[in-house]
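Two complexes follow with chain A in common, the first pairing it with chain B and the second with chain C.
What follows is the complex of A and B.
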């Protein structure tokens, strides 16, 4: 099970993506499922770095693990930033923006929307002083479509 | 591949060619280029994205920034977008605010 420990810095997005792409290929995901997983993981990692660490003037790491089993590819991001459950974000307010022309939009919340809607399952846990964001992409089904993603949170 | 952006300006049309990964780490380069072309007050922005392999929400925020900076009346063309990027823009309703085309010359004359 590959594990990568990266500094909580935006320069870590590239090696993080490289790991996700490598594991998606190993799992045999199609182009769209691979792209959507990459998007989801990238968005949550970005939020951890910018909001969890940098805005709090904290330094920390992101520990990435990836596991391919018979059913799915599971990618987990762990960080030591203050607890933040993306599932508590009001996604309906984000979606309201989608009906507006670009110049009238606010610019927040998109990343969480992608994380939740781009993979088969998204789970959040707070465990042993760490945020754990867990992305699951089923290997046998097509990419999750909007509204079909399963998600859960455990604190 | 990281990210590159290059721009030129001709008769009210700003041409920007984007390649690589447009994410939170690289969006600042795109923003700087938008601020540069804004000084020319373009009425049309053509984004050539054939070699753009990835766009995160930071890229979408830059499209929002472009409209807010240049004005709602500015047309944004997205030329040659890869299917996954089109899908990302469709997921967020951005497709209703930009013009997709395979060729800017053909789109602009229609």
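What follows is the complex of A and C.
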């Protein structure tokens, strides 16, 4: 089970993505599921770094673990920033925006929406003073892309 | 008039800007994410301010996170204020998926090539303004 401890700054996004891509390949995820997992993990990691650490003038690390089992690839991000549960975000408010013209939209929330909807399961835990964001992508079914295919249209 | 500017963002993401016949062409290469988007965004918005038609050539952009969506949103707004048009040329299938998922696609002219995009924004800017 690969574990990577990265400093909480934006330079860590690249090695984090490398690990995710490598594990996705190991788990045999298709191109689309791989892209969506990468997006989900990148969005949450970016939030941890910018809002959890930098905005609070805190220094900290992100511990990444990836585990491939028979059913799924599970990626976990652990950080020591103040508690933040992405699932608390009002996703319906974000989704209402998708119907609006771009000039009426608010600018936040998209990253969290991607994080939650781009993977088969998203879990949040607060444990031992740490945030744990857990991304699960099922290996057997293409569930990871349901969210996008349901809405993908014309064009 | 022709203006070219070049800049390097982290992780070898790059931006090349050209202005031809009042149409701005921005060629972006590399990932657009939380690390690279802020610098790209600042440069693009700056370059967009005098024009009403622009093409972003993104065939060498394999990945775009919400930070890139924010950049596109601001670029769109900057042009929409002046009834301008923005075309995206060479958008990858994966990015197109995420744009469809969030209702972003309808606001941009999507083209396969830069030439096609240039033609589209030129025709379009004479015909009608951004309606949505």
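Assume the second predicted complex is superposed on the first by the 143 of 155 C-alpha atoms of A that agree within 3 Å, B and C clash if a C-alpha of one lies under 4 Å from a C-alpha of the other, contacts with A are read in each partner's own complex, and residues count from 1 in each chain.
Everything below uses one rule, namely that contacts are C-beta pairs under 8 Å (C-beta built on N, C-alpha and C of every residue); 3 or more make two chains touch, one makes a residue touch a chain.
All of these numbers come straight from a predicted model, not from anything done at the bench.
> Look at A:89 in the shared chain and tell me whether it touches chain B only, chain C only, both, or neither; answer first, second, both or neither.
neither
> Could you tell me if A:102 is touching chain B, chain C, both of them or neither one (first, second, both, neither)?
After superposition on chain A, A:102 lies in contact with both partners, chain B and chain C.
> What is the shared patch of chain A, the residues that chain B and chain C both contact?
10-11, 13-14, 31-32, 35-36, 38-39, 42-43, 46, 49-50, 97-103, 105, 107, 110-111, 113-114, 117
> Tell me, which parts of chain A touch chain C in their complex?
Within the complex, chain A touches chain C at residues 10-11, 13-14, 31-32, 35-36, 38-39, 42-43, 46, 49-50, 97-103, 105, 107, 110-111, 113-114, 117-118, 145, 147-148, 151-155.
> Given the complex with chain A, which residues does chain C contribute to the contact?
10-11, 33-35, 63, 65-67, 69-70, 73, 76-77, 80, 94, 96-98, 100-107, 110, 132
> Where on chain A is chain B touching in the complex?
These residues of chain A touch chain B: 10-11, 13-14, 17, 31-32, 35-36, 38-39, 42-43, 46, 49-50, 97-103, 105, 107, 110-111, 113-114, 117, 146.
> So in the complex, the part of chain B that touches chain A is made up of which residues?
Touching chain A from chain B are residues 2, 21, 23-25, 54, 56-58, 60-61, 63-68, 71-72, 76, 83-84, 87-88, 91-94, 96-98.
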